[in-house]
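Only one structure is covered here, and it is reproduced in the block below.
Order of writing sets the chain letters: A, B and C. Residues in each chain are counted from 1.
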Amino acid sequence: MNYTFQFGVAFDVLPQLLEGAVLTFQMGVVTFAGGSILGLFFAALKTYGNRPLRGLAQAYVVFFTNTPALIQIYFLYFGLPEFGILWDNFVCVMIGLILNSGAYLTEIMRAGFLSVRATEMEAAEALGFNRLQQIRHVIVPHIAKTIYPALANFFIVILVMGTSIGAVVGVDELTGQAINLSTENYRWLEMFTVAAGLYVILTLVASIALALFGRWAFRVKAKVF
Amino acid sequence: MERIIAQLPRFFSPENIYFLLQGMAMTLTLTIVGCVLGFLLAFIIVYVRQTPGWWAVPMRLVAIAYVEIFRRIPFLVVTYLVLFFIAAFVKQASVFVIALVAICIYSTAYTADIIRGGFESVARQQIEAATAMNFSRWQTLTKVIMPQSWPVILPPAIVFMVSFIKDTSLVSQVGVFELTFRGKELNNAGFSGVLVFGTIALLYFVMSYPLTRFGAWLEQRLAASRHHRPQRQLR
Amino acid sequence: MPHLDIIDLNASYGSVGVLKGVNLSVERGEVVSLVGPSGSGKSTLLRVLVGLTPPSGGRIVVDGTTIDYRSKSSLKAARDRMAIVFQQYNLFQNMDVMRNVTIAPVQIKGRQRAEVEADATKILARMGLADKHHSYPDQLSGGQQQRVALARALALKPEILLLDEVTSALDPELVNEVLDAIRALAAEGMTMLIVSHEMAFVKEVSSKVVMMDKGQVVEAGPPREIIDAPKTDRAKEFFGKILRH
């Protein structure tokens, strides 16, 4: 027990760590956006498609939610060059994360589709809403309200669990940056403690922002904690 | 493609199959031991968090902070923190122990919320009735709350553990010889990436999928008996 | 000496006072009914007595002994002497009827299981539940559950029984079976403090009626005086409303 902490070293390189945090956040947003588009598409197939299309969507979800994101990324990074597809590490990570999160988002979006009950549609029809008005005033607000908490939570999961995988194949997001900087000055423990603190701050800010936005936009009480 | 087909017989040699099966066993051991230990620690965290009284405020804050902080740090970072912490203070420790500690720390934070939700699902009035009858806190917990909350706690706890099988792939980063690490070894040995990581993905799937289905089945079955008497007509 | 003496009792939820200087005494073998509009503090009074809501001032004296609600041992002793039955029965859903009734005497008071079970069998028979020993709460009607709750309280051998709106959650046709059980207990001389909205029953069974409003006792006295000829405007208004229904 004679280790002396030298947090000064980690704070000296705070700007570089913050650059990593910014990249983490950008990766989180892009993954979430891409995953949501995939999720929406496959959820629609799963809910409204015919048998083969439903099977396809189901196979996608089952495969990607039952294998590690890291292995999916390794497959893209180490496997695809054999077919002459040479993506750099960042592209592999982003495509891997989008495909992976798309599968989880399919399940979340599908829960939203299923939550629209026939009686509500009938009520909307009885009120004289046309199809477009029904979608705008009944379906979309209803789905948003139902799945917003799950979406907000999943965004944090991507931000925390998801993007740090990039470090494994050398992407310089927050975790990767902590590894890079530690190899220069060997203060691993301090560097990772500060990086962990930045993750806590980043996700807390995101959680609070999402909770406030949800309350403002959909009158949802999304929990911060 | 021809390269993959050419490699097939050599890749699926008995030695390699045994090598990968050992990796699966290591992955499952890490997951099960780490999550079960984490589950037990989470009980303690929740018990501390629900201790009433002013004198317990610091303990409650520590319990809350533990859960909130570790749920906001990537598992990879937790693993590195454990690695470097142990390296700084304990010196010699196997990477297996390091990975186990990391999994334990992480699963404690996640299952604590599941357990808390389960405890809170038991009607407060029953707890008041117990209190008015002089049950101690521990007696109320073991005789009234726990028997009723395990159908609420167990399914999501199992779902968490099953999903953690996949997350353990990250401990390959600190050199634990589990499934993912063995995959990288085979890839480094010259086997095709498509072949190796396709197979590894399949092996994770074989572990994860049946257990996921089991978790979903258990959830449905227990949901039906929730708040009710223990199932007696077992078929 | 009164069996239960409540002197200048205060209690609050947060900053809202719910009991403001309540005075009330109950003699041995007396049945005292608390009536009044909802939110008047009747149920809170019972909760304070068994230590579920802490008092913020005043004294509670049981048989000459003042209870210190901040002391664990004193509170434990108080709970040994008083048992409460709740509006929502609050039975343990994971236990059958017999275990609901016997768990506290056996596990908490450490009495012999055989003796407690013999007692419980008698009590359950009196409550008309002789054939329900191994039923679970969710297999019973509300009236049956409430009688189990009564049996559970009686198995603790309390000196004072507290009943908190025990018929309010029941369907009308089930009310009488519970009231019959309480009548029998009153006839045996059990000291009881009852919160109830059943005015006819209150009038019949009580030796004293206490009208509460806004955390204070408005009027107290024999049922005929209080219910049929209230003196204060507040009590007149309250009984006027109730009896018209």
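Here, a residue touches a chain if its C-beta (ideal position, glycine included) is under 8 Å from a C-beta of that chain, and two chains touch if they have at least 3 such contacts.
Because the structure is a prediction, the values reported are computed rather than measured.
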{"item": "Chain closest to the assembly centre - both centres taken as Cα means", "value": "B"}
{"item": "Two chains joined by the most C-beta pairs in contact, as defined above", "value": "A-B"}
{"item": "Rounded Å distance, chain A centre to chain C centre (Cα mean)", "value": "55"}
{"item": "Centre-to-centre distance between chain B and chain A (centres being mean Cα positions), rounded to whole Å", "value": "21"}
{"item": "Computed distance of Cα centres, chain C from chain B, in Å", "value": "47"}
{"item": "Chain A-facing residues of chain B, complex", "value": "1, 3-4, 68-69, 71-78, 80-81, 84-85, 87-89, 166-167, 169-170, 172-173, 180, 183-184, 187, 192-194, 196-198, 200-201, 204-205, 208-209, 212"}
{"item": "Chain C-touching residues of chain B, taken from the complex the two chains share", "value": "123, 125-126, 128-135, 139, 143-144, 147-148, 227-230"}
{"item": "Contact set on chain C toward chain B in their complex", "value": "50-52, 76, 79-80, 83-84, 86, 88, 90-94, 96, 103-104, 107-109, 136, 138-139, 152, 156"}
{"item": "Touching residues (chain side chain A, partner chain B) in the complex", "value": "1, 3, 62-63, 65-72, 74-75, 77-83, 156, 160-161, 163-165, 167-168, 175, 178-179, 188-189, 192-193, 195-196, 199-200, 203-204, 225"}
